[in-house]
């Protein structure tokens, strides 16, 4: 149990821990190559995966609490090497409650050729409301990756960015929403890739994308479940 | 238990609920992106998935009963956002007892380039009796999708339609048959896609397609299991 | 338990039943689209899957015993619709103890364009000793498929044939060996397909293929397990 | 239990046995087509898979102990047919504590066309520090494969080699590290293959590759877990 006096922190650790299993389940990660974090609501803190630990070995008590400069606050292991990128997003996008990073294969393939995924199917209109954009190439080690994510996604409808020759970062109002965006990003990256092998892929009309996006964001799903209550339990 | 006085309704809810696991098992869906429904035999009603609920969380008592205009009759959650499309099919194709919708990746790739899947392998002759056709582009929100499905499939042998830049709808005499059609549609969409990467794909001769289709519809399988008895239990 | 007075028949039914799970496990089948059979040693009989029954529902007592003309000898369900093809192989290739049929996706893609899989990697030299050949297009319903299998595989090293625009048949000294050939056929069909997308694929030198094939057939594996003792238990 | 008087040998057998499950889990092998070995620290010995035994049937007591000329020292089964290649690596690369061999599909596809995988994504810079190189074509039966592995990997940053028209060998400080390299090799082989279908793939700048490789080898992960203590337990 956390020694920090923050109600709900243990539940948030358990949720972030459990969401890593979704990365495995949907084929987004190999070995230890992806991570999920969540903002601790009302605090300048985040919960994030420890570095280099296999998904089988993750337990809630191994999750790291870090401040929004990426410094370790609670935990006996080192935080994910991507902690600085997650922290930069939380510092600069206050509406974001969850961040996910993967090298999921189809989405990373688009990133490797620096091509945005065209908004060619209705599922992309729904979830992304636009093409999925490409962010700059950036090396790990300072704020470059974080800056690339934020500069690409700020003001963009898409919760996913393809960081050039690297992989995917997704954001959401909470960690579960960011995981959903990562799952959908790989799904549409694959579908549009497969379509490209068959022939030219046409973007949807902008007016249709606008209608799809507006409807999905405002009508789809169970409304009660869409209230911005954070942290939200993992439905499983 | 249902408070509606309809014999077999609880069993039908359990069957439709269980069939969603087949969508996951055969790789047809990501996150919550597919749904199954069944007509309630002898009533102007259907059983359908609630909207935005993950497959892990589905239980028979969460399934929705709606009328054939898509209005909620029983259930505490909102019905699937695709309910109007399912309802339109049931209203206009009385022989249909089950409907499935997915964005399965290979089939949706064909839909994204608006190309029918050519009837190039015997498994397609068996199950589809023809090319798998492309339906029109249609937005969610009114009867456009339902009209597109019905206008494409009415009088067509294929139980599957590729709705342009959207995904797949399949129909069947019951929900299980519609799920089978969705599984086979993705399977042949993949095989013919892979074949196209190797070289030109030739359609089978029409006379051979006719023989395959006739035999499969009338001879294949256990005859007792093919009687039009609905609802049919999920074999599992 | 079987009412036929044949020692080992119940064990053979259990083995053939269990081997169907391997088709699922290695991704060779969708829904009910593949089947395994075994010759009953010392009798003019075979054990084969019932028609149209899902893999989850298969139990040893549901397996069919048929004679080598495909007639039902024991069992309450209809035999697989591919029974005639299996039977033809057993009648005409006395060295064959097991037959498998699938529509596995990569192998069926090669069959759809009527291209043999070139023997381009050492694993193909080991298991197939040659290209995997294409058999003729043949319709179900008489001995055409069986004749196509036998005319292609008789005198050929490959235990697998790609029946044109249809799927794969494999043979083996027993059912397990035929299942292994089906697994390896799909594996190499995929690898060589993927290689073709990268550039021209070169066949191995014939002398190297000969050395690989000779060594693998005579040296590889545990020699005790390679004695032609049939039926052989499923190692699992 | 081993009758050899070597502390930790039973634990090492259990570890090598368990690591074979990782080959299955990450989709690197079909049927029995891959193997893992580990050097026995302080002895001229290795632990390796028996030949032709299915992964389901592997138990720690079935694992083979062989000397570094490939001769059987302990075990009732025949050692893997790849034992000579593993042994050659251990004899000639004293820093290597683990070796893995697979025919994983995407990596083997690159090997089939004799093309190195270009270091085009940051995950490759991290783990491989360079392109993944192609080794010579070599037949099984003598030291040719071992020589090809060692001549390619000696002095190379990459722990993986694509043996031409054959498959992958990876090395590591211990067996787990070699398995990780095999998993990452297939992952990046797939991603770069998918990228190539979308357009030309650019190698990263050498200076960036150098920075990525240096950081990953020296900073990533939990430092305690990176100490060269062997054998290391399987985290699971």
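For clarity, chains are labelled A, B, C and D in written order, and residue numbers in each chain start from 1.
In this section, contacts are C-beta pairs under 8 Å (C-beta built on N, C-alpha and C of every residue); 3 or more make two chains touch, one makes a residue touch a chain.
All values reported here derive from a predicted model rather than from experimental measurement.
Among the remaining chains, none touches chain A as well as chain D. Residue numbering at the chain B/chain C interface overlaps only partly, since under half of the positions present are found in both copies. A centroid comparison over C-alpha atoms places A as the chain most distant from chain C. One copy, chain C, sits rotated relative to the other, chain D; on C-alpha atoms the angle is 90 degrees to the nearest 5. Centres computed as Cα averages put chain B at a distance of 31 Å from chain C. Work out the mean CA point of chain A and of chain C, and you get 44 Å between them. Counting partner chains per residue, chain A shows two or more touched chains at residues 197. Chain contacts in this assembly form a single closed ring in which each chain touches exactly two others. Chain pairs that touch, as defined above: A-B, A-D, B-C, C-D.
Taken together, the chain D residues at the contact with chain C in this complex read 30-31, 33, 50-54, 56-57, 77-78, 81, 103, 105-106, 108-113, 115, 137, 139-141, 165-167, 193, 196-197. Contact residues on chain A toward chain B in their complex (touch as defined above): 26, 120-123, 180, 183-184, 186-187, 190-192, 194-195, 197-202, 204, 208, 211-212, 215, 219-223, 225, 235-236.
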